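Structures for review follow.
After this come two complexes, each holding chain A, first together with chain B and then together with chain C.
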Partner chain A sequence: MNPSAAALRAQFDAAITRVTESCGDTIVYVDPTRVREILAWLKDAPEQDYDYLVDITAVEYRDAGLPIDVVYQVFSLRRKAFLRLKAPLDKREPLAIDSVVPIWAGADWMEREVYDMFGITFREHPDLRRILMWETYAEGYPLRKDFPLRGRFSRAEQVRQALGANPEAHYSMEELSIVQAATELPADMRDRLARGERGKIAEPPRGETTDA
Partner chain B sequence: MGVTAEPTAGPGASHIVAPVSPNWVTTRLDFLVNWARSNSLWPMPFGTACCAIEFMAAAASRYDIARFGMERMSFSPRQADVLLCAGRLPFKLAPVIRRIYDQMPQPKWVISMGACASTGGIFDNYAMVQGIDTVVPVDVYVPGCPPRPEGLLYGILLLQKKVRGETLADHAIREERPLDERGLRLSPQLVDELSEPFGNSVHQTRSA
Partner chain C sequence: MPEKRSIELNLATTGIDDRGAGMRVPLGIGTALAEREPDLGGEHMLINIGPQHPATHGVLRLVVELDGEVVVRVIPHVGYLHSGFEKLGEYRHYNQIIPLTDRMDYLAPMSNNVVLALAVEKLMGIEITERCKVLRVIACEMSRIISHLVWLGTTSIDIGAFTPFLWLFQERERIYNLQEAWTGARLTTSMTRVGGLMADIPDGFEDGLRDFCRTFTKTLDEVDRALTRNAIWCGRTQGIGALTGAEAINYSLSGAMLRASGVAYDVRKDRPYLDYETYDFDVPIGEHGDVYDRYLVRFEETRQAGRIIEQALDRLPDGPINVDDPRVILPPKSAVMNDMESMIFHFKHVMEGVKAPVGEAYMPIESPKGELGYYFVSDGTAKPVRWRVRPPAFINLAALPRMSEGHLLSDLIAINASVDIVMGEVDR
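The block that comes next holds the complex of A and B.
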């Protein structure tokens, strides 16, 4: 049993609902409303030092009454120790959990993938949209148990919608809500983005420095 | 003419009869043109999966598709003759391969390499095109998972045989056929029929 489990119990008490061990890995079940606080503590407490977020994923079980688990796998590079956290989300309520992007910037795409495949919303995620399926995908969330294997639409409709997509469409800077990063881009890249077919790049906010 | 020219469109096309009867001049000219075309087919490799590795093996020195005039990979569709789809095609890539096919100048042919490109293969799921013939017309299907380089070479030889059977008198085989007003290449019923599960896939129900 990983000693971090006992430390979490001592620190967070009621927020830790269950601790189990499977195949030598310790699994800590936590209250989904306190996930960010717990992970921040695991990262920052010097005796824990779980500084690397290996993966975020989710599990939906065949038993429809069971909650969907959001799984966080963390690793301490210094101590070479793994820890797995699971946050059960009740399916009768809207599936939403706090984003951990403020703690690990690398959680960005992992949370987008979980959102894409399971439809779990990550609160305060900076850019929550589909990542594997295309943006206009209307058939639902493919890894949910109620999703048919071959999709909800007929094959002809799937082909029609796919062929209707514009393979050259890309995002303008405003749509990506990272306009402030525009000042850090090289000039030629900014020019290319400004010529984009989906709109012009926004002028950088007044008073900020540019690279000119 | 030992081999009859087949329409490049899929099943359901109704323009097989040549409008002009071939005479001595056109058949001699056909022979010359087809000899030149069939022996310098420049492939546009569209490699998406493991089939692309076998394709690379076929292009390398041991199997050497240079022997058939295909050593010049055309990484621009505008100088390509053959679109060679090696690997599975997800729906997200369907508009891309269609765009590449539309950008290729006539004359052009398509080889569908491997089970996934031809039928969807083991990927009978929500994300995968069930055969690229629902997106672009296909001339030669190469079976295998993945096909060995010999299999691909046999497919290339079949394509050369097909090219040698074409005639300039039939304009229909070199006609551009864009997507119809529904945004599909074939009728929706035909796309559904081509995408039907078969083999082991039939054991997977739609609600699985």
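The block that comes next holds the complex of A and C.
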């Protein structure tokens, strides 16, 4: 058993709900509302020194009544110690937890992936967008247990949507989320980009050609 | 190797220090260009690189905002190769997941196969045989050599050196032939099984691999001579995309990316598996954390991988490759045909799969790209509840915007190459 588990109990008391061990790794179940505080302490307390965030992921169990666990794996590069924390989120409530990007910049994409795959919102995440699926993906969250392996929509519907999608619209300024650049464009160009009409240049009205 | 280095030291005016390590050639521009150039005003330009672009190493799309030629902002878009492997894994027996792992890091499939087997064995508490351990070390180090040869070849092309690519791919062809002789495939190897291996090494494999380890360093020396002190190479890589050690840790980087920044974290040394602690090898560490140091670190890792393979071949014991445990290993075919009990085991194994006890295990290895970890959660059935891959390339790539902002557009290509991404693993 990792001694950090006892130290966490001493420091956070009621926020540590359970401590178990599996295959040699200590697992500490923590109160999801205090995750950021606990991880910041683990990182900064000199005798803990868990400075390396290995991974953030989530686990949903086959038993639908069990909560979804958000799993944090941390490692101390100096002490060579490994610890796993789990924050269970009740499925009956909105799935949301504090982001740990303020503690580790590397958490950014890991949390985006968890959001993308499980629909868990990370509060105060700087850029919480889908990452592996596309922005307009409408079928839900693929790694949830109620998500069928082939997707929620029928094959026919998936094909219809894929064919109906405007691939050019994907490259419009708004889609790139570079808003400042988009506002600097001429109004007519912005409209055309918004409609996804890329590469089509409006013909000047007939009879008004000017001699330069 | 040391004596050869010392000859070069005498010949070289600069480039290698007393210890034989690569030294800074004072050609790099050092600071990011944006810090030296005055802001001339003007409009920012937005360009799109990829997803189909040879310099993005797969289907990576980068949206780049440029001020003149200086990168102001990079937004990577990933997911074009997303295959839902983790979801698929939840519907498969543990051994059936192995072919999926080939297709993730397709430049080093054997190390992916190994980590899957190790993770399930950790979950089940199986102790594998000595011969299997040594063969898996050989597999891991072979894939490290393969991956680094590809990395070095493609990166040198990205930066404009074509010749090393041809030399290195010749070497890669030779080691691929060995891999093919062992596993039957060049890419989709699927060479491990829970509790052992698909097959033992074929006749002549040991001699072939020894011969390769002896001779491939010659090509490395040639590439070393062509690149390490090359003025253009140094100018294009030194001081580019630099990250400090603290930043690298903050971004959860791993592998050569982390070590180039001066952080000595190698899973083989710090969380040993497969008895890596008993092998004698060095972990190269960079100082500056730039593209040049990443190049030096990977270069030296390739040589060290050859050293490990030689040691592994020296100690390769005789004996079975599979554990003697009917829960996980198929009985031999002759027994299945002649013996009722073996036939039942065979049937149950094929139909029901390997059952892991309730629990969870996270098993990291040092893959060529960094810390590759498989995290399995089991509810006691033959299919995992959750199979999570900690993808080193994905997490390393997340630092790309931080590394490339303020550099030239052409440096962005060098920085992206230095991350050593493989999109099969980034997108999974």
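Keep this in mind: the second predicted complex is superposed on the first by the 161 of 212 C-alpha atoms of A that agree within 3 Å, B and C clash if a C-alpha of one lies under 4 Å from a C-alpha of the other, contacts with A are read in each partner's own complex, and residues count from 1 in each chain.
Keep this in mind: contacts are C-beta pairs under 8 Å (C-beta built on N, C-alpha and C of every residue); 3 or more make two chains touch, one makes a residue touch a chain.
As the structure is a prediction and not an experimental result, all values here were calculated from the model.
When the shared chain is aligned, chain B comes close enough to touch A:Ala156, but chain C does not.
Between chain B and chain C, C contacts the larger number of chain A residues.
Once chain A of one complex is fitted onto chain A of the other, the partner contacts of A:Gly164 are limited to chain B, with no touch recorded for chain C. When the two structures are aligned on the shared chain, A:Trp134 is found in touch with chain B and with chain C. In the overlay built on the shared chain, the residue A:Pro46 is in contact with neither chain B nor chain C.
Judged by the touch definition given at the top, the superposed model places A:Pro142 against both chain B and chain C. In the overlay built on the shared chain, the residue A:Gly65 is in contact with neither chain B nor chain C. In the superposition on the C-alpha atoms of chain A, the part of chain A touched by chain B in one complex and by chain C in the other spans residues 133-134, 142, 147, 149.
Those residues of chain C that touch chain A in the shared complex are 43-44, 46, 48, 63, 65, 73, 75, 78-79, 82, 84, 86-88, 91, 122-123, 125, 247, 249-253, 263, 265, 270-271, 359-362, 364, 371, 373, 375, 377, 379, 385-386, 388, 390, 394-395, 397-399, 402, 427-428. Here chain A touches chain B in the complex through residues 133-134, 139, 142, 147-151, 154-168, going by the rule given at the top.
By the touch criterion given at the top, residues 22-25, 27, 51-55, 57, 59-63, 71, 73, 77, 80, 82, 84, 104-110, 113, 117, 130-134, 142-143, 147, 149, 171, 173, 176-178, 181, 184 of chain A touch chain C in their complex. Residues 91-92, 94-96, 98-99, 124-127, 129-130, 134-135, 179, 182-185, 188-189, 191-192, 194-195, 197, 204-208 of chain B are the ones touching chain A in the complex.
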